[in-house]
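Scrolling down, you'll hit the structures one after another.
Next come two complexes built around chain A: one with chain B, the other with chain C.
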Partner chain A sequence: MNGYQGNSGKGQGQLAQRFPEVDPSELTRLIIQALSDLGYQRSSDELRDESGLELDSPAINGFIECVRSGDFTNAELKIADLHLINDSDETKRHIVFLIKRQKFLELLYLENSTQEALILLRQEVHELTDTANIRALTSLLMNKDSPELQRSNGWMGDAMLSRDSLLNDISKFIDPNDMIPKQRLFQLLQQSIKYQQSKTLYQFGDEGDRISLYEDVKSNKKNFPDTVHYTLTMHEDEVWYVTFSHDGRYFASASADNHVLLYDAINGFSLLHDLSGHDKQVMHCSFSPDDSMLLTCSFESKAHLWNVQTGELVRTLSLGGDSRIWCSDWFPDGGSFVLGSPDKEIAIFDASSGEVVHRWEGPVVNDLKISRDYKLIAVTYDMNVEVWDLRTKHKVKTLELGQRLTSVSVSDKNPAQILINVSPNELQLWDWSRHILLAKYVGHKQEKFVLRSCFGYDERVILSGSEDGRIFMWNKEYGALLGVFDAHTGNSNCVCWNPRIKSMFASSGDDTIVKIWGPSRTSDSG
Partner chain B sequence: MGLYYQQQLKRTKGNSVYMCENCHAHIFQSCQIVSDSFTGITGQGLLVSRAVNLDEGSIEKRRLRTGTYLVKDVRCVQCHEYLGWKYISSSEEAEKYKEQMLVMEASQLHLSI
Partner chain C sequence: MGIRYSTYIDSEKTQATTFGCSGCRTHLSTSGLILSKDYRGHTGDAYLMDQVVNVTLGRREFRTMITGRYLVSDIMCHQCGHRVGWKYHQTDEKNQKFKEGRYILEVNTIVKCK
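Here is the complex of A and B:
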């Protein structure tokens, strides 16, 4: 298919033997392109001369020349000479549309002639495309200065940028042998790095660590948190829940000894407050978004709201009657919070007054979380994931998973991604909005108990406790096991990641102990 | 022992749920009550045909008012409070109907309506 055979360089035969997948003239053309991308135009031209190879086919060069110089009439004529991947009338019509759209944009922005642009739209563009594209261009006519509309319609601020962007759009329809996609060599190298990273799962280096093209990406366990930095032993019974505050300053642990302990996570995890007031086991706690309040849920069917600064009990909440309260979370704006009950109730409370502002009867709630885009995500005893929109209070999704779902976490980066502990012995990562199971994580043991898991290390890893007392860490994307740590005797009930310190997490166990984990370096830990 | 993944019983009109007094784990539905005139160790006992969220102890021989039985003590699976016993077998033909049933201590239970 390569019709512009050039002069073979010396030694190409040997190279072709060693790298049969790499076509020497393809590579040479990529180098010509890369040299030009790098700004070495003279060397690029020199190599073009020496090899006799062209970056793009003559037909394409003519076409590009027309588009670059704004000769759209001739550009349209030259479409017939292009080798298209899909040589259908529809594709050609779409390319004509893209060119005419550029003409329309230039009339609108360079010649300031709304009238002519409108005529072009009515007489020529109209018949080439669907109503959605026409509507988009019409709204641009009315909102000429909207940057979003400009971008979505292909106007990049000036003629040359827009023409290049047009060429880039059109290049997707053209045989790549005729027109090499933009910055192709760089794309290939980036893919190669990504691939190496996926094969070398331990990417626990510092943010600024250099990746060199001279060598393969190596595994880096510099910040791999496999070492206990602090052991907190002040609870007298099993510890069922641990969490860091959003700003990473505080750390809370909730225990079957009825106490919640609040620690200074910045200064060596010294105890700040012993929050005592619950009469029964405490199973859940959550910091308000501004970290001024801590909400705790206990077996006595009450939730307590504490002042984090002073350690004082601000308010006691209940759902009325005997309704148990097993989980809670805050609205992202901190103005309200939600309590969830296995007695088929979910209630929204106003955070300042403590009054119930909305309540609905629902399924038996095992656990719930609120995403940063105001979705309430609950896992239920009916083995479903239920999602409500907190603005409309309407249910927007039900996923029937058909297995026991003990706890749920929601991603901060992509609020549609949820991580669920599925009993027996599985974690599942779902995109609830697209109804897709993204990954499963296995190896840990969870048969009888409620265990909790979390995202960690910039959401690149998944962490969970296990009924054998160990902690399991997986690569989130590939599901590969990265580490198994002996942590507790009895269950490792709960794990949580420090939202501010990338390589720190905490675990809690039946052995009444809380452990804070970090990298194995001792000199500059913490 | 951890936070147990508890079974949840359906509460309907006319069918209430008895929970562990201490931790509110569901134990049985009122429709499972066979008799409310039994005597437990702590006072009134309820004979029930089926219950959930229980840990069973080891089998022991016990002499009760109506004869000798093999029984297992049962505790709440979550908080391990003593809740009553389960009949495994009876030496008396007339008492065989109790086998696999449980006597639950009313004082250890909380009725949720």
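Here is the complex of A and C:
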């Protein structure tokens, strides 16, 4: 029960009837906190007086005062007065550890006394915690300037920020009635907005659209890309792959007519180059990170490297022998690229010399991608996802999914997230590092063919083709179907999102056609 | 038609050779499934195979061959459409019944794959 019962305001009985979940004195204390957070200290104090409610219990206030002023010895003594959620010796020992760690950090960064910090670590901190924490602090001693290590060990750059962060860490162990978590009212409001957004799936408003606390989040389809803006008809056979360059300036389509076409994606998708040179169907292409080169893979067991500016063939690559080359991707630094083969090979090539610098033999590779943190992610005929670290060349993970995996995309925002086309009739979003299936997307048809999907709209939606020629769009987080578009006859083989224009994507089909999609222009563009 | 999701034949652990389509190297069968090498196709030597994968069947039709009359379909690589042989569906010849449900692969239309 609340130990700091104050004077009830007028009308509280009525409110309690309408909002039985909202405790009036809890809300009042949150308002006192929020006013203080907003910098209205006078009003905050005023409300404290009027309501007779305290923000934190007197014991807590004393404790906070000690931590804020750097009086860590007294802070440790006051731990005994705190109401802990789990009042065990272990919790108390952990809180002591956190306080001593702060002392250690201040010795290290404020007093610049590595020696004293080391003594503290050895004599006092050592017995309080596990080796992992000690090891983390030791590596900080060695690497004083690593911002990553600083943050993970609780040093926020200056004493005040670090002490506040320490209090925030400790607050998790304290009865919330005694110490309200930081910025609690703001957290609640943010949760409420997120909840509303989760119930309102069409969030396709303009970039600057404000969310107002005065009204619920509304559905907005203004920039929902459901309309064909361009139809590109220059291929003479099925189109199997489409992709935008990273800077959004170029667009490439690869076709069973053996040609790759390069378009100007900024000026009405006019044709820049007809890249002809492959003797067989072209099934894959990828732009180099700086968009100066385009790598294309075809059925003839050769990959071609093209100059995007001039359209000239720079180099022809093979895996040696007759191994087919079905997929490729670039290292984020552009210095190397990887070719993957269904004939059980993966090879790293130096981009400037065209020489193989590393080679794996192993599974039949159906598709592969490289994440921005240098992981090579392959989906294999063995129904596995295999992940290699490109820096060490070691395999770091195998996910045995046990279903047919036809293609893979990797998230830019979270490089551990991968989107996989799973046959039959499913897309799966995985976090490979945590081995978690995050979401499934269903509705489309994929039984016999390799179809490709993508993230879109700032990775808020998932898009895939279908063997019935339609395109399906889902909300990424909730898996809800947002739209189904009639796009092609035969398969919709490939879809890709423009990395620069938030509401533009492209699709390609068996009908030899490429379509560029965007928002409908019928409504006023405001 | 799109890019087919193909079946792969793993001959690595067996001593056998994998046969693929000469057009696109899509796996079709393996030397371990050869019933006889003593056949002739449209393009020359041919093998009688117990089983093939990754093919589509053409129209069923009656064909008269040296050994009799058969109901057959041409078989095409499901990826690139190359004609690689035929399938025997049915025959009335009593001593040729063993061919029913079997396939002919023509040597000139296939390649050895690893």
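Simple rule for what comes next: the second predicted complex is superposed on the first by the 439 of 526 C-alpha atoms of A that agree within 3 Å, B and C clash if a C-alpha of one lies under 4 Å from a C-alpha of the other, contacts with A are read in each partner's own complex, and residues count from 1 in each chain.
As a working rule, a contact is a pair of C-beta atoms (placed from the backbone, for glycine too) under 8 Å apart; a residue touches a chain by one contact, two chains touch by 3 or more.
In this text, all values refer to a predicted model and were calculated from it rather than measured experimentally.
Which term applies to chain B and chain C once both are placed on chain A by superposition, clash or fit?
Aligned on chain A, chain C clashes with chain B.
So in the superposed three-chain picture, is A:302 touching just chain B, just chain C, both, or none of them (first/second/both/neither)?
A:302 contacts neither chain B nor chain C.
With the two structures laid over each other on chain A, which partner does A:476 touch: chain B (first), chain C (second), both, or neither?
Neither partner.
Give one of first, second, both or neither to describe whether A:445 is in contact with chain B, with chain C, with both, or with none.
Neither chain B nor chain C is touched by A:445.
Touch test for A:488: chain B only (first), chain C only (second), both, or neither?
neither
So in the superposed three-chain picture, is A:281 touching just chain B, just chain C, both, or none of them (first/second/both/neither)?
Both partners.
So chain A touches chain B in one structure and chain C in the other; where do those two contact lists coincide?
Residues 238, 240, 280-281, 283, 299, 301, 321-322, 324, 342-343, 364, 381, 404, 406, 423, 448-451, 467, 490-491, 493, 510, which sit in both footprints.
Show me the residue ranges of chain C that touch chain A in the complex, using the header's touch definition.
Residue list for chain C touching chain A: 1-6, 8, 23-25, 79-80, 111, 113-114.
Okay, in this complex, where on chain B does chain A touch?
Against chain A, chain B makes touches at 1-6, 8, 11, 19, 22-24, 79, 110, 112-113.
Applying the document's contact rule, which stretches of chain A touch chain B when the two form their complex?
238, 240, 280-281, 283, 299-301, 321-322, 324, 342-343, 364, 381, 404, 406, 423, 448-451, 467, 490-491, 493, 510
Quick check: in the complex, which residue numbers of chain A touch chain C?
Chain A reaches chain C through residues 238, 240, 280-281, 283, 299, 301, 321-324, 342-344, 364, 381, 404, 406, 423, 448-451, 467, 490-491, 493, 510.
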